[in-house]
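One structure follows; several queries about it will come next.
Every chain is named by a letter (A, B, C and D) in the order it is written, and numbering of its residues begins at 1.
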Amino acid sequence: MTTTAPETTGGSHALRGVVPPLLTPLTPEGDLDRASLSRLVARLLEAGVDGIFALGSSGEVAYHDDAMRDRVLDAVVGEVAGQVPVLAGVIDMQTHRVISHVRAAEKHGVAGIVATAPFYAITGPDEIGAHFRAIGAASSVPVWAYDIPVCVHVKLAPAQLMELAADGAIAGVKDSSGDDVSFRRLATLNRAAGSPLTLLTGHEVVVDGAYLSGADGSVPGLGNVDPAGYVRMDRAARAGDWDTVRAEQDRLAALFEIVFQPTDKAGPAAGVGAFKTALRELGVLSTNTMSLPMTPIEGGAVDRIRTILDQAGLLDARR
Amino acid sequence: MTTTAPETTGGSHALRGVVPPLLTPLTPEGDLDRASLSRLVARLLEAGVDGIFALGSSGEVAYHDDAMRDRVLDAVVGEVAGQVPVLAGVIDMQTHRVISHVRAAEKHGVAGIVATAPFYAITGPDEIGAHFRAIGAASSVPVWAYDIPVCVHVKLAPAQLMELAADGAIAGVKDSSGDDVSFRRLATLNRAAGSPLTLLTGHEVVVDGAYLSGADGSVPGLGNVDPAGYVRMDRAARAGDWDTVRAEQDRLAALFEIVFQPTDKAGPAAGVGAFKTALRELGVLSTNTMSLPMTPIEGGAVDRIRTILDQAGLLDARR
Amino acid sequence: MTTTAPETTGGSHALRGVVPPLLTPLTPEGDLDRASLSRLVARLLEAGVDGIFALGSSGEVAYHDDAMRDRVLDAVVGEVAGQVPVLAGVIDMQTHRVISHVRAAEKHGVAGIVATAPFYAITGPDEIGAHFRAIGAASSVPVWAYDIPVCVHVKLAPAQLMELAADGAIAGVKDSSGDDVSFRRLATLNRAAGSPLTLLTGHEVVVDGAYLSGADGSVPGLGNVDPAGYVRMDRAARAGDWDTVRAEQDRLAALFEIVFQPTDKAGPAAGVGAFKTALRELGVLSTNTMSLPMTPIEGGAVDRIRTILDQAGLLDARR
Amino acid sequence: MTTTAPETTGGSHALRGVVPPLLTPLTPEGDLDRASLSRLVARLLEAGVDGIFALGSSGEVAYHDDAMRDRVLDAVVGEVAGQVPVLAGVIDMQTHRVISHVRAAEKHGVAGIVATAPFYAITGPDEIGAHFRAIGAASSVPVWAYDIPVCVHVKLAPAQLMELAADGAIAGVKDSSGDDVSFRRLATLNRAAGSPLTLLTGHEVVVDGAYLSGADGSVPGLGNVDPAGYVRMDRAARAGDWDTVRAEQDRLAALFEIVFQPTDKAGPAAGVGAFKTALRELGVLSTNTMSLPMTPIEGGAVDRIRTILDQAGLLDARR
């Protein structure tokens, strides 16, 4: 697969494949749980992931104050120890605030940073372009545009992303837009331009279709729970073995049902909460504690998550 | 492909494959252009399409008064002459109005009807369920749920669709939701339930991924312009020849760029307008006239559409 | 109040004041309940309303097939018998369909028609302008633009409304946009242009503020339940007696709490359902039956509605 | 006006009246312009404003890094020098980040802090309630809930605000929701509960209607440009002189047209940009520089803003 991604490119292109958005394990008191983080990272590396994305939405970045963000990056970079590239989210409202986080992330020696369009204050296309250009100029490492309208409430247009690529402002896109039609268009335009952008999809249940569209890899939140499955799917896609791709994706889509088990929660309280709960049941995390103001998943939903883990064959394989 | 769709089912299941949402050709005065319709239908049948969906969004159903809807159905059923099944859109605001259109469509002997969730007046899940159940009870032919939130402003939940299937209210789903994550979930739930629903995707540039997810076919607006391409892709998917599927889809995605050429239009004025303009340039339609209050595509956009048709190899092959 | 609305204008300007959007009383089987309609209209006229708006959102227009719309208009015009002007909603998706309803309404001798922007199919400003101009050209009676983005999903811009007024396409605006900032701007621009438009607000709990902004009157759904209150408020506003205006509006805002009593319904099933339930408890309507697929309000919500009616002093005054 | 707000309350209730959301004047390089800030604050105090809200949306809070926020608060508190209460915005994504800003603001001795619902990550009502309760528990000064769905993409429900008031978590609401129907309901519920909340509206062109609904005052961005007008309107409302209230509001609504003059900008680039441009033309600010990635208003829009200032009688009265 990905005949469009030349083998010899460096920089962000090295990051094709599976790049899970790392969860942030917490102690019961809400502090960073270093021991659980260590186990989680080790399990991902053992499964063969190609990179790790710290401080993304799945990492609860929006909930961490600056000191916590610093502790997380320090711990992740230390645990990964150069075995794979680490991307760091620099999520904040507007340009100056994002650049502050870029400065902090650079100190940790990350391989790239991931920034969204501006949010909270309303912006138009001109401001979005100026925003990414300013971040690109300020950053010493490659910049990934994070397209996540469910959080940012604006969709990055494929044509604008290609302009930013041509200007050297961005090196890749993490697409969590939920808009597969737009993603296909982006992939089509990118290929026609000589593939200046590395394209990763953030939607863990349709990675197979994204590979057909031209994705270079994925950033699957569910990859925290079953990294080996995503690695198998990626290797099968590279080999053109689509029956295996589809079978693996179908199995992972069934596993993804864990996020629908809490009936009283929405957003990360349900999704990230389900990932944390699954990993606690698998013995990887010590707690399923969530950042304030979220509360952890409890009761019957935990039982249903265990059942789904069992059906996916993960309970037996637990480390 | 679609090992989940048994070969021997009847009813709506017979409708797997390529089911283009038929454009409604108009005379310069805005009347139905029977001669152009005849050429358009003949070209689709010649290309091997598996069904035809009349009075969908691409057919400008929202713009036609009841008399025009009747003329369109009469003409389409006449031209198709039983060679493939004809589905009829019964698009209207709320239940009683939809049932009026069901009554009218039944007289034409259609193979199924396609209904959306209620719109204009706000409704919740209870009303949506009651709406489809009432339509299912009133219709003598299979009912397809048309999931099109960009028009209806509500998304049909996979779990509710499965309930409606279990109750026998609906036989299939035409998914134009633009939500591939939800579509994968629907396909997963449908397979687990024994595939009571036939699933067609309405998104012409990501049909390949939909096939991987479990789609039984497509309802591609662009299929009016290049029906042979969609038929080739469908047959390749059935044969498990994914390299051909992807190559064909990439070619069709490039052709889809015609809808982005008019820079001063949005919605059907751009999309359906581009399809009509392309078919006029291909000699199939006599005009690219659009229904009031839309205006046809003119000027440089027409030239750019011709160029794209040429690049896709369609101008040479013109009938 | 309304020093901006000249006393001597004719046409739609005659329609200033209180113009309730008439409910459509139904029999238990869902047919038009003529006897209840007769009592409802008589009660409104007795209270001194200045006009009646039939087939609006509160009249469940979206739920009625064409035959039912015809029966409603026939009955309303008959009951009103020329005592006040009758406006008729001609709500439908796109231009041709709206004009069909205009033709039907004209036969009943209504004083004006009320049309929304196009909906279902996506449109831009050009299509919206062409839509209202075509309706204006087709209608023999004044056209009111109905700004109701919660149903139509587009907001009519004040500047475009003023253009349509200058062109003679529209004579008034019924504002149910919920956007008081935009309404103030519309009123400001209208006054600067010599008040070509008559402006009515559809928001029954902030009519007092709308009068200050420059409204010529209101179309209050709650006016079906307490028409006398709205008439008193209107007369006080004309007299500049703002203490009375505010006190009356505060009382009516408290009465409006009836729409929040059903906890399992949304949209008209809750709002119109509460009005119908209140009027049944007041002895005006025989049932609180709602159009398919809605169900009537039942259980504890009915008791809470009675309590609120009692607190507003309406149960004692029941006719 | 505001017979509902007892004269003898302390705390946040002291903040009724006119509380402009202070602009943040910038040097051409984008640093804080202390001299311009000094002139701006002096002009507001001279006009008789009742408080000042620093670091709100109009203060470009979303664009400032933490160091800049600190400089702004330091400067504002210094300039105001205790003459009126100062509120400080603590706008950030989720609870921990907000509380960090509360800690920083407390050091400056502000009279209250203003916090929005969580944003970026999706939250439901439970998380919103927990968020405000945690902030209330953490803050040594009164907390104002800032209801601004255009930025936060969630609307604070009146019933939940009343619960938070009953729990002592919040002392007031700054309503920039643009939903006057909801505001009336909030005011009605607040009065019924003994007015635990002080209610300020953020919509500068409909303050008159908000006073009728039960507002205790306003937070008008346009009050940076014409503070005397808002003070006159407030004093007239307290005196029950509604003709003056309406005349003043009509004049201010005409002045507000300055924000519509830039045709190539949206959001704060247009609105706040117009306020800054007007104040530069009035000789109060040295520049109309905006925070990155916004650009200042230039060209014909500046001329049109001058014309509107002149029509409002502000150019002659310039200090």
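By definition in this document, contacts are C-beta pairs under 8 Å (C-beta built on N, C-alpha and C of every residue); 3 or more make two chains touch, one makes a residue touch a chain.
None of these values were measured; they are calculated from a predicted model.
Two copies of one sequence, subunit C and subunit D, touch each other mainly through matching residues, since over half of the numbers at the interface are common to both. Note: the chain lying farthest from subunit B is D, by mean C-alpha position. We define each chain's centre as the mean of its Cα atoms; on that basis subunit A and subunit C are separated by 50 Å. In this assembly, the C-alpha centroid of subunit A lies 37 Å from the C-alpha centroid of subunit D. In subunit A, no position touches at least two other chains. Taken as a graph of touching chains, this assembly forms a single closed ring in which every chain touches exactly two others. Chains that are in contact with each other form these pairs: A-B, A-D, B-C, C-D. Residues of subunit A that touch subunit D in their complex: 57, 60, 62-66, 68, 91-97, 99-100, 118-124, 126-131, 134, 150-153, 264-269, 291-295.
Residues of subunit B touching subunit A in their complex: 178-181, 184-185, 188, 203, 205-206, 208-210, 212-213, 240, 242-243, 245-246, 249-250, 253-254, 256-257.
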